Every structure is written in C-alpha cells, then in structure tokens.
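Listed next: structures, encoded as structure tokens.
In what comes next, chain A is part of two complexes: it sits with chain B in the first one and with chain C in the second one.
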Partner chain A sequence: MAMSRHVVGWMQAAPLALVLAGFLVLPVILIVVVSFWGATEWSIYPAFLWDNYEFLFSSPVTYRVFFNTFKYALITWALTLGIGFTVAYFLAFHVRGQTTQIALFLLCTIPFWTSNIIRMISWIPFLGRNGIANQTLLDWGLINQPLEWLLYSDFSVILAFVHLYTLFMVVPIFNTMMRIDRSLLEAAYDNGASGFQTLWHVIVPLTKPGIMIGTIFVVTLVMGDFITVRFMSGSQSANVGRLISNDIALLQYPSAAATAVVLLCTVLLVIAILLRFVNIRKEL
Partner chain B sequence: MSKMRYSRRAVLKGGAAAVAASTLPAPMVWAQEIKDITLRQFGTGVSNLNEVGQKVKEDLGFTLEMTALDSDSVTQRAATQPDSFDIADIEYWICKKVWPTGNLQAMDTSKIKNYDKIVGIFRSGKLTPESVIAQGTAPHSVGFVEGPDATSFAAEETGWMTLIPTIYNADTLGIRPDLIGRPIESWAELLNPEFKGKASILDISSIGIMDMAMVCEAMGEIQYADKGNMTKEEIDKTIAIFTEAKQNGQFRAFWKTFDESVNLMASGEVVIQSMWSPAITAVKSRGIPCVYQPLKEGYRSWGGGIGLSKSLSGMELDAAYEYINWYLDGWVGGFLMRQGYYSAVPETSKNYMSENEWGYWFEGKPATGDITSPFGDVLAKAGDVRDGGSFEERMGRVACWNAVMDENQYMVRKWNEFISS
Partner chain C sequence: MGKRSTSFYVLAGFFGLFLLFLYGPTITIAILSFQGPQGGLTFPMNGVSLHWFHDLFQQQAVGDIWGAFRRSLLLGLMVMVATVVVSVMAGLAFRKRFKGSGVLFYLAITSLVIPSILISLGVGLLFDQLGFKVHWSTSGFGSQLTWTLPFGLLIMFAVFNRFDKSYEEAARDQGASAWQIIWHVILPIIAPSLIGVALFGFTLSYDEFARTLLTSGSYNTLPLEIYGMTTNVTTPVIYALGTLTTLFSLMIIALFLLTVWVMGKRRSRFGSDAGKGV
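And then the complex of A and B:
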C-alpha cells in the first residue's frame, strides 16, 4: 500500500524540521520568554515585566552601541565586498585552467585551517606599539613615533573583521561567477562594450545573488560578534554582542535576553531589506 | 568504562550505610573506598592548580577534579548550578553574593584542626589587636553564620564558617620602572596625563570600581564613606572622572584575564596598570623589569576561600573536611606563598619553605640566594627585597577589600556605559 505523496513529503521534511524546532525555534522562544523575566543579583524569577526593554530603550548606551555595531558591519561589508569581488573576479575570469583555479581557491582557504581566535590574536603582536609593523615603518624612516592607532582602535577591529570574513564573500561570489555563461561576455564584447561596461552591465547584475549571500554572511557575523571587538579594541569599544556578554557575565540573563531579542529583530530586518533587492532563491 | 566499577553514588550509599552500621566509623572501609571518591572543585585560576590535585591524590588518596574559570563565571556557577560542584573556591565578595542562594553549607570549625592558627584577618578582622578594619567586604564580615542553615552572616566568630580562607593578597598598581624612569608613589598616577595611552585598568566591574575609587580618592576628587559600598552619587562621580580620562585617550586597553595583563605589560603597550601579583611574577620571569609598586594610600586587598556545596554529605563530606585540613597543613600554603600569595595559616607553610624563601616572601628580608617560583623560574636574586616588604607591612596597609555593593546593579550598568563610552 503506497502512502500518499502528501504524507511522504511531510516525512521527508520531518527530520530537519524537528532538528530546527528543537535547536533553533525552541531556544529562540525561550530567549524571548526570559527577556520578560526579572532578575536579582544572583537569581532570575519568572514574571512579565517590561523593565528590561524599558531600560534598554531609555539608555543612551544602547543607541551608541547599536550605532557602533552598524558602523562595524557597514565598513566591514564595504571592504570585504571590494576585496571579495576582486578576488572572485580574478579567479573566475582571469585564471585559465581549472586546476590553477582550484589550487588558487584552496590557497584562499588556508588561513581557515587555524581557529578564528588565533588568526585574530596574531594581529596583536604585529600591530603593537613595539610590533613588527611599527618597527618596520620606523626602520624605513617613514615615521618618527610608533603609530598608536594601529592597535586597540576601530582600525584594528575592522582589520580583523575583514581578515576573518572576506572568504565568506569570495566563495559565494566566485560560485555565481562560475555559472555565468561565457558567451554572454563575448556577446557584450562583440557589441562593442568596453571592459568596464561588461563588468557593470553584465557581470555585476548576474553576480548579485552571490553578493547578497556573501553580504548576509558578513553582516550577520559582524553584528553578532563580541570576541573580535573585545580583543582588537582592548575592551575599549563595545558592540551589541559585548553588551550581551557583559550582562551574562553579571548574571543579568533577562537583560541579556532582551538585548538579544532586539539584536535578533534588527538583524532579521536588515536581512529582509537585503532580500527585497535580490531573489536569491532563483540561484540556489 | 568497566562494568565492575561502582558508580559514585553507589559508593556513597555504601559508605553511608557502613558508617551507619557501626557507631565507630571503620577506618578500613574508609581506606578502601576513599580512592573512589571524586571531589569536584572549581574556582578562579589563582589556586586551581594541577599540582594541588596531584598532591591530594598522593597524600589523601581521593581525586580532586579542578576547573578554573574567571570570577564572573565562578559567581554564576556557584549561584546557579549547585549540583555541578562539591567544593567552590571563591572570593569573599563572591561569597557575599552567593551565600544567600543557600547553595553552600557552613563548616563546623571544631573539625578544622588548624582553626586557631588562622590569621586574625579572617576571624576577628584584625591582623593585630591595634589594626583598623579596612573598607569593603572584609573577609571576617562574611566569614561566619549563626548556624549550619543560616542564610545571613554573623558579626563575629560563631563556630560556623562560610569559607575556609585559603589564599589572599594585597593588590596595587604594577609599573614598568624602566619605561617610567621616576618614582611612583600614589594611585593618582594612573590618570596622570604623562602616561596618556599607556595606562590600563581591569575590566571586571566589581574590582575595577575599587581601583577607580583608590585613584579618585588619591587625586582628592572624591571622599568616600566606604569605597566598598558607594552611593549612587559616588558611583556617578567616579565613573565620570574615568570616562573623561578614557575619552582623552588615557587608556591603551582594558584587560579581563591574567594573560592579557601580562602581555600588555611585557610588550610595553602599557607602563602602569592595575595588576595581580603573579602577573608581575610572570612579566619578571621573562626578564622584563616590573614592580608591584607599594603606594602611599595603601592596598586593595582580596581573599579567597573554599566553601562546600549544600549537596555534600556522608563520606564525601568527610573527605572534604580532610581536604580542608590538608589544605591548611602547610604544603599548599608553601606552594602559594612561593608565588607571592599569602596562606591563611602562615606558620604551617613555613615548614614547607626554605629559610631564604620564608625571609624573602613573608618577612620582607633581602634574599640570601636565588628565589625561584614553584615552577622553577628565578624571580629574585640574592640581595633583592620583596616589593612592599613584609607580611605585616603589606597586609597591615590594606585600604579596602574587594567588595560587592548594595548598589551593585546600578554600578554594573554604569560600568557598561564606561566601557562603551
């Protein structure tokens, strides 16, 4: 006796649905619930209070920190996009031969063989006051004083972000570029388009889904990060992630949950706006 | 895992039954089953050392599992997960926060062999009869409760102790004398514009605020009634002074972990900062000059102790008492004192230290030969004197103890603002 197609469909979707329900939906619901709870110094108690949100929205710190988070996300996005697009373009259109292409692509992933934290922390001795960068610049006579802003500044935070996340831009863009039909480029050339016109009117529009996927990766990673900001700014700047981690460290779970909910909504909103521009489903 | 092995709970039950069966607890049963006991201890990195665990196995026979966490996580765990530990190695100010949750049980001092030899700071609050008790959460003020089940603290010695003191020290600012090149005498120097971009403070609110208070008071900006329990206005003013300094670029970075403080100092990113004693030792052992500078306003002090989980009972509880008695017996004390901490019962530690070590670390005498850490690094050479001098000179000049304030939540919010400003 054959099961109806309907039932089979449900059963096929069930494992993933269950996993997502148990490990994604349920925890998110819990976070939302806890965000309304109250807290004393050492315990949390169930309640339905708006206190956590009230404090969050009435504190100037919140706005400053959210602004900071957006600033990091925006600058990192622009830089990773610029670098990522260039690298992907080079790999996809300039490198001849699939073997070289794959070899060079693997080369890009080598830094990912070590952990995130190690890649980030290795910048610290490099950028420090007596670090390699400053020593070299001093030796070359380009500067007389060590540059202070190289480390423990917004510069170092963004540098680390770009270093950590550019590959997330390269991969999806490279992927979509490889699917572009080469005859389209030849057609553009035959019709007298310049190199730039081909890039702008043919390649960029066709690469949009890849750009969008990369953008979502980078923006969500940067907005949710706290450890990079903490280490690279020497704890001197804050983003939303750090606000949450500070609250958790001080046992203020409900307040941390409320901040997390606001952050989650913000990120979802950003993604919703991004998806208005491009239909990525078309490409998947 | 072998099927023949008893589960810990089964052993516990068996042990309890054996104890119940005879009015005299049979030493034979003890000897056999103690090997199967595992006590889970967690605490801050300072005293959670593998060497201690190994020595416990050698001397007492049972297993001590240790987990090292930062002070915030320690508080969190002690307050929220009472079943995840048997022994909590926490600081006294954490005790003030955690005790009301009822997750710890008071200890009967009559079972503590060396109780009478514990330093006065932890009993009457006074190092010597003339001492003035410092501000903040002084250990004796949260060291006793009225009875085994009491949740509030007693004013004086009662025979029921909350924590058995294990380790303590007097903290001050660490400096790089080679990069500063002049004497430093006051906490106020931390905000001296001379060190712009080269100062640091620790990003642990409850301790950082105290260092801030020491600085503001030394600058003559604020007079505190009790630095360990500030009013909202005092907190506002203190944070305002530091926020201004931060915006003027006074600080290079803030640190949260021990290693960060060592790296900041050793790399020369920072020349003056709040620091912990073993961090100074770590910088020095790299051959970089670093001084734990005694300051005229006095020290900010802290103390830690071990507390027992509420759920400990029967043989495991006996093992825990055994462990506490062993802890105060001197070996650990000597081990810790050779790193620059103090032991709660210094006189027993003396048996485990050479005369040179005792003279250097405790009495403030010039070293007569190389002073090495328990890990073999040379920390001082013949003729060197410990920064700050003898035990009495250092612990006698404590200005305040690490504390948790009544306005703690407010302070924490203000601290968050400071960090993100």
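And then the complex of A and C:
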C-alpha cells in the first residue's frame, strides 16, 4: 500500500465532499452571485448591481425584522438553557441506575424524531381562543374573558421554539455532564462545598462545552427559522427567514438572495464568536 | 447511597412537568382526532368516532396524502442509505489528518448550522440556472443530505473517538489488508452505532421540511402536504393525520431501538470466540 494517507483520506471523504460541494457550496456561491442581479416582475437577469443591498439597508423593515430575529433567539436561548440544564442535571446526577437514566434520556429525545409541523399544530387546541388553557383559566376564575395573546403572538412563537428545540440543549449538556469525573464532586463535598457551591463552581464550568454546543444549535435554528414564526404568529410577526421566503414567493430572487447573504453573515459571525469558547471535535 | 434529598424531589417534579410539556400537546391532538363527525378543532369532544381517520382514507378534496406518504417513505429510505454509507466513509477518512480535512470538517458544520432557507433557495436557484427541473428525488434528496450528513458525521466522530485501535492493530499484525480490516473488524464493531445513524437519516428526512420546501418540485413530501393542509383544512382530519404519522415515527424509532437491543443480546451471547479454536 503505497498510497499516501492524503489520497486515501480524500477517496473516503469524496462522497461527503461531493454532496457538500453540490448542495452547500455551489448554492451559497450562487446566492451571493444572484444577490447582485436585477429583477423584473416575472424574471431575473444577470447584472452587477448594489440595488438589492441598498434597498435592504435603507428599509426600516430590515432593522425591525433583524431585531425580532435576535429577540426570538435570545429569549429562546435563555429558556432552553435554563430548562435544558436543569433536565440534564437531574438525569446525570440525581437519577440512579444507568438503565433508568438511559430510558428517561430516550424519553426526552424521542420527540426529536417526530414531525416538527405536527408538534406545532398540536399547540392549537391548547392555546386557541376556546382552547384548553383559556377554558382552564376561565373555570378557575383567574380571568374573565379568554386571553387573546396565547395563540398567534410572540408568546406562542417562543413557546413553540422552546418546545421544539430544548432537546438540542439537553443532549449535549447531558453528554458533557456524564463525562465529569465523579471524584471531583466528592472532592468538593469533602472540602465542605454546599450542594449549590458544587453546582456553580464545579459542574457548571465543566459543562460549558456542552452548553456552547447546545447554544450553537438553538441560536442557529431560531435565527434561520421561517416556518415556526409564520405558523405560530398567524403571519403577524416576521423574522429574517420570513422576509426571505416572502421575497421568494413574489419571485424576487435577487432581493431574497441579498437578505440571505446578510443573514448568513450574521449567523456565521455569531457562531465564530461562540466557537472561540469550545472545540467541537474534542467534545464528542 | 443515602436518602434522597429534597432537591431530588424538586428536580423530579420539574422533569415530570418537562415531559408533560414535551408530550402533552401531542397527546391532546391524539385524543382530539377521535372527535365525533360534528366535532371541532378543540375540546369539548363532540362524541367519539373514527370519522376523521376514515376521512383520511377517502378520496381527498385537496392534495394527495397517500402519494405524499409514499414519496416521503421512499425518500427517507434513500436518505437513510446514503447517510450511513457516506458518513461511515467520511468517518473513516477523518480518523487520520489529510490535506484539507479541516476545511471539509468546517464545511460539514456549516451545513448543519446554515439557515435552512439558504439551502432551499440556493439549490432551487442552482437547478433553475442549470436548466434542471427540481424534483424530490434529486434536488430534494441532496438538500436533505446537507441536514442528515453532518449528524451522521458527528455520530461517527463520537464512535471513532471511543474506538479501541488495538483490534485493528491485532488484525494488521495477522496480515489483514486495509479492506479486510474495515470489512471484518471495524464495521462489525461499530454496527450498533450505524443503526443510530440510520435512524437519524430516515427520521430527519421523513420529517424534513424547510430544506425541501423549494426543492421538491410539484410532488409534495408528507410534511409539505401537511403544511399545505394547515392553511385550508379546518377539521380534525389534520389531527388524525398528525396522529397517524406520529405513530408511524414512533414505530420506526421502536424498530430501531429493538434492533440495537437484539444486536446487543446476540453480541453478548456470540460475541467472543476466544478459546473455541476457530
């Protein structure tokens, strides 16, 4: 076997490289190219124009929509982190017996393998005007008339995000926690640390890589979303993804492409910042 | 092991609420899909019937649910096979550093975190400019792979990080070729993890939506069909469909878990031939 390891490596990685080249790199390059093209009402034509970007950056809608996108990402991140960390902590440090642990962990991850659309739809009977939440609150006499902001509002958008994406926090955090050397906890205990001190000064710092990976997942999923916001806000709120999909629906591809380029840069910038805190390959 | 602390019960309560939050809505629509023929989209139940399930099997006024299901099933299987093969090959490649391996790794990560709508838009534009027609089995297939392959690759990293290289070295010392090592040593050892990769490949494809939206052409996959229904169907038939497809997903998950379990059993029974003089 005289083949160099570089050749062998590339032969084995070739299918992956080809798929990524054809369905990731080329499409993204094309989006960048098309973002400089011009559009009429029914067609697009090659050109080198800055019009799409000029329009994008001069429109107040852009800033509002980007602000909304960051708002959703930030709130969803805080909630999924809080819930995800607590759940992972319970599973990793309080559940005894590996079988129970694995069973409960699986229970948390199963929804990940079912349809997101269905999981969104399933909030309707709960949140609707005559839904379970309103009925219950009325029955208890806590409110006099149905709450209107439960469904088709920022509230329902964020609720759906948390519902869909908390798993992406639980899994990496649990994974990191399971690899914490238990003797460190005993050492902390022997040195007189309280439960909370152990949690804050030992477990949290050691769990940071998992938190970072979960954060990358949640933030990018929320920032790139266009379905959840549309469906759960009843088309009343917008984020960047929706701005793009609206342009696509109107066949304004160059304008959609320009927005997509700005969104991509924003997301990559956020990830670049997050990746400074963690080495992904070491954490698997 | 001492007595359970108060914090255990608080956390257990929290965990219980989390599970309720996770599964409650799905269970709710499962119940509501048994609404009577006059029932609406929310409680109270207006009688109990199989009316809406029955409705699913009738000629549809809008869309083509069963065609969409068949397409999603086939596409899921295609994506599953491709994901397993490509991920294993790439996983083997990444065990050694090769020129450009860093770039390829970061491309795979980009593929995972890139907003789905960019794949949808970009692949749609690419096919359009090349003069190809978008179709679920070509452009849709490729777009879904950009979502499933990074997951497969990450699982392979996790697998090979824990892989004991001494098995491989033992085989090499006994004169096995590179192919024989992969085929007779590595693959059998990592087989259970491959089932995990297959599960990811199939279910992520079966439920995939955002990346298929602009790339599936005129024939919808099931999630697209369901999404279309949300805008013009206002009866519990959509809950019935949701319940059925969720049950289908659960069945698939159970099937995969069962396979892993059976393999583990077989392995512990037949795993070692040490001392048998083979």
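Operating definition for what follows: the second predicted complex is superposed on the first by the 269 of 284 C-alpha atoms of A that agree within 3 Å, B and C clash if a C-alpha of one lies under 4 Å from a C-alpha of the other, contacts with A are read in each partner's own complex, and residues count from 1 in each chain.
The criterion applied here is as follows: a contact is a pair of C-beta atoms (placed from the backbone, for glycine too) under 8 Å apart; a residue touches a chain by one contact, two chains touch by 3 or more.
Just so it is clear, the model here is predicted, and its values are computed rather than measured.
Participant: Just to be sure I read the superposition right, which of the two partners does A:68 touch: chain B = first, chain C = second, or both, or neither?
Facilitator: first
Participant: Quick check on the superposed pair: does A:81 touch chain B, chain C, both, or neither? Answer first, second, both or neither.
Facilitator: neither
Participant: With the two complexes superposed on chain A, say which partner A:148 touches: chain B (first), chain C (second), both, or neither.
Facilitator: Touch partner of A:148: chain B, not chain C.
Participant: In the overlaid three-chain picture, which partner chain does A:115 touch, first (chain B) or second (chain C), both, or neither?
Facilitator: It touches chain C, and chain B stays clear.
Participant: Could you tell me if A:202 is touching chain B, chain C, both of them or neither one (first, second, both, neither)?
Facilitator: neither
Participant: Mind telling me which of the two, chain B or chain C, contacts the most residues of chain A?
Facilitator: Per-residue touch count on chain A favours C.
Participant: By the touch definition at the top of the document, which applies to A:252: first (chain B), second (chain C), both, or neither?
Facilitator: So A:252 only meets chain B here.
Participant: Could you tell me if A:130 is touching chain B, chain C, both of them or neither one (first, second, both, neither)?
Facilitator: both
Participant: What part of chain A is shared between its chain B contacts and its chain C contacts?
Facilitator: Comparing the two interfaces on chain A, one with chain B and one with chain C, the shared residues are 124-125, 128, 130-131, 248.
Participant: Please name which positions on chain B make contact with chain A in the complex.
Facilitator: Residues 72-73, 75-76, 79-80, 97-98, 100-101, 197, 200, 203, 205, 246, 251-256, 263-264, 267-269, 404, 408-409, 412-413, 416-417, 419-421 of chain B touch chain A in their complex.
Participant: Spell out the residues on chain A that touch chain B in their complex, using ranges where they run on.
Facilitator: Residue positions touching the partner: 41-43, 55, 59-61, 64-65, 68, 124-125, 128-131, 148, 151-152, 230, 233-238, 242-243, 246-252.
Participant: Spell out the part of chain C that touches chain A in their complex, as residue ranges.
Facilitator: Listed in rising order, the residues are 1, 5, 7-8, 11-12, 14-15, 18-19, 21-26, 28-29, 32, 41-43, 85-87, 89-90, 92-94, 96-101, 104-105, 107-111, 113-119, 121-123, 125-126, 129, 142-143, 145-146, 149, 153-154, 157-158, 161, 178, 199, 203-204, 206-207, 209-210, 214, 223, 226-227, 230, 238-239, 242, 245-246, 249-250, 252-253, 257.
Participant: For chain A, which residues count as touching chain C in their complex?
Facilitator: Within the complex, chain A contacts chain C at residues 1, 5-6, 8-17, 19-20, 22-28, 30-31, 34, 83, 86-87, 89-91, 94, 96, 104, 106-108, 110-111, 113-119, 121-126, 128, 130-132, 135, 163, 166, 195, 216-217, 220, 223-227, 231, 241, 244-245, 248, 253, 256-257, 260, 263-264, 267-268, 271, 280-281, 284.
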